[in-house]
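Here the chain labels run A, B, C and D in written order, and each chain numbers its own residues starting at 1.
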């Protein structure tokens, strides 16, 4: 029994245990404990993360239909597993205290929630451990359906969006299946190595086909354009901690699979050689542009949301674009940026979802037009969200900056101004959007009905604080994460990033976050000194405001929240055409029409007519063929 | 370079920046006054203003975040100055680079936004909404220009960029190498500095609107200090990218003052732009020119 | 050889008449008759498969084997097929009778439409409405509230 | 070995005696049917191990073919005979007033179905096929409603039409070869049937037998009959009878028609079946017709699979067919109470959680989600389709994929409506224990197959190898050469 087997076994146990402990209060803490155990088992394989160990394979292997299935962990799997288990651990912790009580009291099944969470973690670990294409596909499907289970735990609305997800996901899975069967018929094997060996001898059309199938199939999970419509709503409607988990890691499984197939096996170099007909683009450029549009469009859709969870979920889609973009650059900097962004995104996205969930827990709403001023009541949740949004926006000193910096730097080195510009537009849109989020939730006037609320319970605060610390510390010392990234790069076959604790040293302009953050903190210190050098200030009530000679009273709360950026919207508002929804709707209508036709075929016409047609056709063909 | 020298540099750089920034503020006010056929303030007026604001008896605070916001606004620029090499002092140029600088420059905006948000005055929030929109407007051409420069020089290290330009004399300046990009930068510069005619978000004419509506005393003073840094940063960055940077203070100072003064003098003549017009303008001409410049520079 | 050509023509003719009858008729009884014709054609075809001109019945009487014997297998087959065919025709006619009793029509198209409706009704599906369809007639005159 | 004849004879005999038994004791009449089926199933199972090494042939009355009639027992035939017996047992349709008549029909179905699976003679096949057809009319109309009768009538017309065509096809075969014994035909096929006439015969028989196998153009009866017949009957027709017809077609294909064109015809019709079935199901608004259309689609997949030449095709098709054989009857058992508009099913999971969970399990397997058996079957089909390196086969693969995506959509639209919070105005009644137990049994079999997939796959592969081996068939029967 290898450490990998132990890990998978414990993970499976985590699924089973909530089924037995059921709706009791102990379920949450118990699950958390089990996740901790999984984490420890993962740490036993820490050598993978630091590149000092060869891949750990599972003792289990199967032979079905003459196809061999086996599982193993390498640095890439380890890195993603670390994030998965971490997200599972903290989400489960978050979901074990008061939240659980509330959830149970509302008539929902805690048993099912924890089982679903554990199932998600388990299936992801299975996917990450896959040792050839077939087990990859099996893991892929398991993950899809596990997250479907998680998404459908919510209300009727959630069910509807989960349904949409499953349609997209299954169609994507079919594309993947088609791809891997194609590979099988070419190579006679599902092994990665066989595929890799066969790639150089494949002609361009085949590679194009495989590339298209795999990119589209895995892209569905990543919510790449134009398959992104399902994600935001489905994640937003998932019960809070579940949303934090899904938002943190679930769709990154698509990225994992893409790295395995497109980078590790087919290789980005091969994609560069694939020309897009009638253009000067290559296959890689095409996907990179898809990534950039995945950054821009969802980010600006997020800007228009007035539900905190949806806003975050839309950003989650957009951030996926940076990861893919970085990895497609495929040099040491870019791929490191893309990979690191997976980790960073998981941390700050989880923190953001948790903090929004904490707000919902206390106020009962996530409508950004019905909140405000909560910083006075929930300062620690505010702090968590602040750290989260700085990370999400990719500003120093949080970790989101480092990964984006790596991507930008790589783009400059490569000389892709338009991709760079697209990425930056995404970042700017994010800044606008996240400010709206924090402003409408925590800043401004505190509403009357929220005057008496308290800070989130400690079971929520602890995970948030831990994650916030991670966001900051890995921003301060990015080398901590870059160590893992480097071994991932080595495992995947990408150029390995030379780095140090503070970042990277390049002759032509490197980054040392230790210095940058230190100087920033020192700057804040100076700012504080300057501030304190002034006269003493006096705290006033929030209603003690300049209001043009008018008195604000306790029952009138002015809050600037709806349509937060009117100037911008005035200009770009007409650009929101809902084109993708239109596209989806058009597709559905087409299917509907064809389907109606087919029903008509069975319903309205005289059956014998077809019979005649077929017989006449067949006979004439036979006679003619003779 | 040893650590103590570096630390001294890091201390000195913001200080120098502040002094020069004060001069720039003064210059701006002089230019504005002269254009309006007034004389303008005396030499030390900016200092007096700051001292006055910090010393005021009525200092209204709307909460901790209000204060932290102002601290962030000043502190962010203090940190940013250490990333900008000036003659004799490279500071952290090799540890941050121009991208980091661009992003550190957003922190003061965020700080100010947080502070104003905490003030709980909807008019303040409106101002922030405009300010952030304006940032979205000018940052696109600005980033384009930064990309072009970094690509052409092949480095993001500002000290290296200066060195490259210095080697070839005036003909090696970015202005000569990539005139279109320089033009685009020049067009975006007034907006980056938040000055006329793009200062609608500050709303100096509408007393009851804008970020400053709840700012009194040292809060206002903090913003004033921030403005000094803002002008300085924009000027120095542009000089560094396109005008050969500074080898000696004697040539450096005129350059940065000119960079701030010339567009200002021209821009001062324009009427104030509405927010959406800022976007429209910024996304049209500077971006267009910048893209053309990029196309030329990368060919 | 002429006989066999005529017979083949007859067989194929019957098959085609049968098919045409099924396809073209709307009346149920005609369709059922057409099936009968079709089956007759198929049976004839089967018989013709091993037709030997002038052969005698394949019956061995008193150990005397006739010189030319017809193949007994198709005959047995056809016999069975005819029995089955008759049974099925009877079943069809009885079903048609019942449908006629229940719905009062033997028109295939009417039956099909009625069938569709009944299935939908039984399932509890409302009939499909179209935006272009005329508005449903009000079932009762609208009562004016508070008119008294 | 001759006790296998009992598999055919016993149910038929009981069916004819049933009215008499009923006179004597109605209790006996009620139980004798299932008991007889159980007995025949045991007979079949006991013979199972003997067929592992090679097929056996049973010459009825000890006349050697071609003079005598023989039963050909290989694993495939035995499996289907068992399937029809057990399937009838599981979906025992007798209920209500017409219990006696339905018992009789069910026994007839089991007997003639087993006979059809085992018979090695084209003539027998035709007769038994017609017998099954008549039984199925009786069962389909057994609800006694006018709609049921009208639907049966329409079914009958298509079916009789098909039977006539099949007969014409048999005539063509006989004309070319002068025999109807399958083994002998197999011997003669490469020389006598490998021509236009043979192909015409195949097409006629394909269309003729295809009526029951829900082959594309002659399956218009499917939605009507499945919607009006009792759900158990629909389950029998969709699950068992269709597979029997398919088995016949496959046997004919392997033994009689080696032409590649024959495969192409089947492939094209299969593709059309998947396309029309899945698309029509997408819009179905009631449970029964949704299942009906989906079964058309699934049968289409089987046709596509069997159209792959050689053992691979038989293997893949067999896997899909067996999977469908388990899943479809279970779904129709659930339809017993859930038939009717899909809208009425909103929120039923609360009342019947087990049924809802079963539906999800079955649906998952049907669309092919690993590690459920449906996935492996589909994977096999896909692999072998794409291995053909032909664009038509590749098209088949693409269509199957697209069909599965559609199917996932409509099945899970229904499944998720089960879990909706607000219940429908008139929720359907709870399932009867018998239905639920039957469905659970099949579901459990499906779940067990997940863990037994390796030995199962080996068995099916061996079975397919045996069935696809023409020479083996000829040698086993070893008929006397024709004079």
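Everything below uses one rule, namely that a residue touches a chain if its C-beta (ideal position, glycine included) is under 8 Å from a C-beta of that chain, and two chains touch if they have at least 3 such contacts.
Note that the structure is a prediction, hence the values are computed from the model and not measured.
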Chain of greatest Cα-centre distance to subunit C: B
Busiest interface, counted in C-beta pairs: A-B
By mean Cα position, the chain sitting nearest the middle: A
CA centroid of subunit C to CA centroid of subunit D, Å: 24
Where subunit A and subunit D are represented by their mean Cα positions, the distance between them in whole Å: 45
Subunit B and subunit C: spacing of chain centres that average the CA atoms, whole Å: 90
Separation of mean Cα positions, subunit C and subunit A [Å, integer]: 61
Where subunit C touches two or more other chains, by residue: 19, 22, 112
Numbers and ranges of subunit A residues touching at least 2 other chains: 603, 608, 611, 615
Residues of subunit D touching at least two other chains: 154, 157, 161, 165
Subunit A residues touching subunit D - in the complex, by the definition given at the top: 62-65, 137-138, 141-142, 145, 152, 155-156, 159-160, 162-163, 166-167, 170-171, 174-175, 177-178, 181-182, 184-185, 591-592, 594-599, 601-603, 605, 607-608, 610-611, 613-615, 618-619, 621-623, 625-626
Contacting residues of subunit A [partner subunit B, same complex]: 373, 375-376, 379, 382, 386, 390, 393-396, 401, 405, 408-409, 412, 415, 417, 420-421, 424-425, 428-429, 431-432, 435, 438-439, 442-446, 502, 507-512, 515-516, 519-520, 522-528, 530-531, 533-540, 542, 544-548, 558-560, 564-568, 570-571
Contact set on subunit D toward subunit C in their complex: 123, 126-127, 130, 133-134, 137, 141, 145-147, 149-154, 156-157, 160-161, 163-165, 167-168, 170-172, 174-175, 178-180, 224, 227-228, 285-289, 339-341, 343-344, 426
Complex contacts: residues of subunit D adjacent to subunit A: 154, 157-158, 161-162, 165, 195-196, 199-200, 203-204, 207, 216-223, 261, 265, 269, 275-276, 279-280, 282-284, 293, 364, 367, 369-371, 375-376, 378-380, 382-383, 386-387, 389, 397-398, 401-402, 404-406, 408-409, 412-413, 416, 419-422, 453-454, 457, 461
Touching residues (chain side subunit B, partner subunit A) in the complex: 10, 14, 53-65, 67, 70-80, 82-83, 92, 94-100, 103-104, 106-107, 110, 113-114, 117-123, 125-126, 128-130, 132-133, 135-136, 139-140, 143-144, 147-148, 150-151, 154-157, 160, 208, 213-214, 217-219, 221-222, 225, 274-276, 278-280, 291, 294, 298
